[in-house]
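Chain lettering (A, B, C and D) follows the sequence in which the chains are written, and residue indices restart at 1 in each chain.
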């Protein structure tokens, strides 16, 4: 594996969001995995940025990301134009585990949506039942609706201001319908993940995909750790290597 | 023209002058998906302590302009677990492994050196002395020549293995600490570790790193580490291993020309884990272009060295 | 909301916390095509010495990743010429001018302080102690607490003007030198000067800078200077002026929150001589957003300060 | 004066060379002056790059530069595309002085050509006689021929390999014709400038435009000095402020 050069084929920008399609050598991945990404810039910004895989087509050498501009690195990624280069290392990290029989709940918010879109597509392909919950602040922040439609998924939408779907947090409909699900997959802001963890613990297996600042993205710097507790023992685990997906019960928020 | 890339660091012979820096390549094996370790000069393993450490609470890293700050807190599995679980796997890999280690007391250092010194897969031991000395009010082992002499001597007595002392760039007089390590029996000096640094989040009005202070590494550090490698290599007889912000062949050549016998690549691995190949290719190409048959001939091969004394900057 | 930008550094009252750093704005007037100096907190002038200096032979500067190295060699016209030719022009400008100065002996420092101390246009004097002490084998005045105490005390006796001591970041224990300067009567501490650094041209196999070693400034230096400003401001009672890589309002806020009363902008002026306006606007905007009526309330206003001791990085 | 944003209108790339036309607020300048220039990048590269003015039209807000790629900064400037931003501070430095009556020789090589093209245009406009000498390694390095033609200047060309014009160094025809000139203006590689200085000293006034690494470009850092001797006194002067144009006799090469 190596940091590889990809060519930007298309970059669809909408507000702070950009949906990038790049082409190059693509190794098959699983939903929940990510790449460490940078543009053709110098030492500033220095580090690669972790981005979840939104979709891929290894046979055609295609890879897709959905980026939200939040700082300098994502600002530059969002500004990429067709023909420019993108450098990426991956796929990295441990993917979402396969769901048990029954219906899976996928709960996403913000830039937590892309890996769940990828997961939804995979589950649909395999005929696995799922309900996709997406929460956002307002209608403009609801993401990847086309991709979901393509995958045959009709998401349950919630916006904090009620501008699209149900008004309020996405955890409200999840809570109401929790009994329907044999597994819950969540990715999004920490507040959402904490709420999902609280809802699910002791009731239904949950898998949370976490974010952390990453130095390397492949396990060697120990920069991305999160506190976990397994079998009564506390310790730190690497979001890039043991994660980004963790069983909901093990996470100890700090 | 064939270029001989091999170098020696004291009695340690390396296939080429490139080593992976401690803390930037795990316990070596973590790099195997990216690098054939047997094509490298060597691999410095994550810093080990007698009892291991769970490290600091997160957040542990922050990016700065041209660099990064880390306060991993020397998380490690401990010498014993390393010898039992990792070392047997390393024995099968044909490269020079260097065990980086630290302690909080002179005795801990010496004991770690003794235990690691018995492991056949290790080509050398590297003392990380940028650690607070709890017996001496938290002053770092690496900044006071006397303290450094004492801890180096203790390790020297504890093992016959080649002993490298990794200097802190945070010493007003790096030559004094370098000479202290040399006098105490060090076989080589690694120049340098990270610089103590800080970053603050103005919006949250808090530290970017939970530990408040961390170590600055990457390109931002290079000019400082290079100056120290130069000063130290001119002041001691034992070899110097250059470290700090090396990301390209040009960076590595600067350290070799400044007087280093070999060099280590750290933070640059985070950006591109296969960069060692590009660096080695670049060095080979440089030697060919300049008609230099042996990389080791580059050591300290600067022109204009004699000229004048060094005056004020500013 | 109206934000009060004024601050005090000891007895020196500044319109706002932004000063131009020494060596980066000539003798002040050179900035007039770009900046209305009366909109700034103050201006630190190019370092002066008793007899003046022609400076080092070129090349004197080199760019590095996120920073630059300079070895200007403290070229200056000398105290006397300054007082005769420049000071009369500065008297007409409504800002706080700070005369940066240095010497090669304690006596030279004291005499320069005495002469500059008589000039009414100067609001304070800033001692550059990152200079080799020729009476003491070239060790810098700023790295040894005893030497620093002596030279500061001599200047203190030579003038009643507010006396700022500009610390070198190249001290293993910045707190010890800071306390020495405080004990000797310094009114404030400027943190920090440049870090000794080097760059080599591998193709020419020579130094990028004729003086071999120069001082690293710019964004690359910031995390180190910030850490020192933080450590020092927690250890002394006199005010701290933050310096090092400040280019944006965010950078400046980091220094204020770390504990600085004011800050200086140096290298960033080279990139954009009008950046002080943007920095001041950004600070005002920040205060407004955070409901902070007086910039001086930001000093050291960090959260999570109490938590835990600082442990190892690495 | 301030670091101002300009918009790239056109960038004509030919080999390592790029002729940039940018638009924005342009203060009138004189030939020999320069701007400190950067692109829309972060802190790497940190410093602005000095570029001579190739031409300008303050009324229409146009400014032109001719850049040769030699390192990272010029690589990025050469890669600029129409619509992108360029930041520039200027005009800076002391221009070429007005020539005395008679014919002026303009001697340029490499990236020393642009300021002389600008000077030639100005002199032509004022009806001043001039001969333009241009030296290059090979035909591909001969620059700004169209601009010169537009200005009505037919340059004397020399290439080291003889691929265009006379074979050899440009100082050869200059030496042969030196008696024709009442002033000599030169800008180019150090070797060329030294040769021009040697030819002219004691015979005809010469003006050399120098290059030096620059920190600020406007006189405050003292980073760009060159050794000079005036009235028997040696000293350092700033290329950005006392220069870039110096009387040939005063320069003391180190």
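The definition used in the following text is that a contact is a pair of C-beta atoms (placed from the backbone, for glycine too) under 8 Å apart; a residue touches a chain by one contact, two chains touch by 3 or more.
Nothing here was measured: the structure is a model prediction, and the numbers come from that model.
Q: Touching chain B and chain C alike: which chains?
A: In this structure, the chains that contact chain C and also chain B are A, D.
Q: Which chains touch each other through the most C-beta pairs?
A: B-C
Q: How big is the gap, in whole Å, between where the Cα atoms of chain A centre and where those of chain C centre?
A: Using C-alpha averages as centres, the distance is 46 Å.
Q: For chain A versus chain D, what separation do you get between their C-alpha means, in angstrom?
A: Centres of chain A and chain D (C-alpha means) sit 53 Å apart.
Q: How many angstrom between the C-alpha centroids of chain D and chain C?
A: 36
Q: Would you pick out the residues of chain B that each touch at least 2 other chains?
A: Residue numbers touching two or more other chains: 23, 64-67, 70, 72, 218-219.
Q: Identify all positions of chain D at which a residue touches two or more other chains, and write them in rising order.
A: Where chain D meets two or more other chains at a single residue, that happens at 42-45.
Q: Among line, ring, star, complete and other, which one matches the pattern of chain touches?
A: complete
Q: Over in the complex, which chain B residues touch chain D? Could you list them?
A: Going by the criterion above, the answer is residues 65-66, 219.
Q: What does chain D use to touch chain B in their complex?
A: 42-44
Q: Taking the complex as given, what residues does chain B use to touch chain A?
A: Residues of chain B touching chain A: 23-26, 30-31, 33-34, 46, 54-55, 57-68, 70, 72, 75, 218-219, 247, 267, 269-274.
Q: Using the touch definition up top, name the residues of chain D that touch chain C in the complex.
A: These residues of chain D touch chain C: 1-3, 38, 43-48, 89, 212-227, 235-236, 254.
Q: With touch defined as at the start, can you tell me which chain B residues reach chain C in the complex?
A: 22-23, 47, 56, 64-67, 69-74, 102, 128, 130-132, 139-140, 143-144, 168, 170-173, 193-200, 202, 204-207, 211-216, 218-224, 226-227, 230, 245, 250, 253-254, 257-258, 286, 301-304, 308, 310-314
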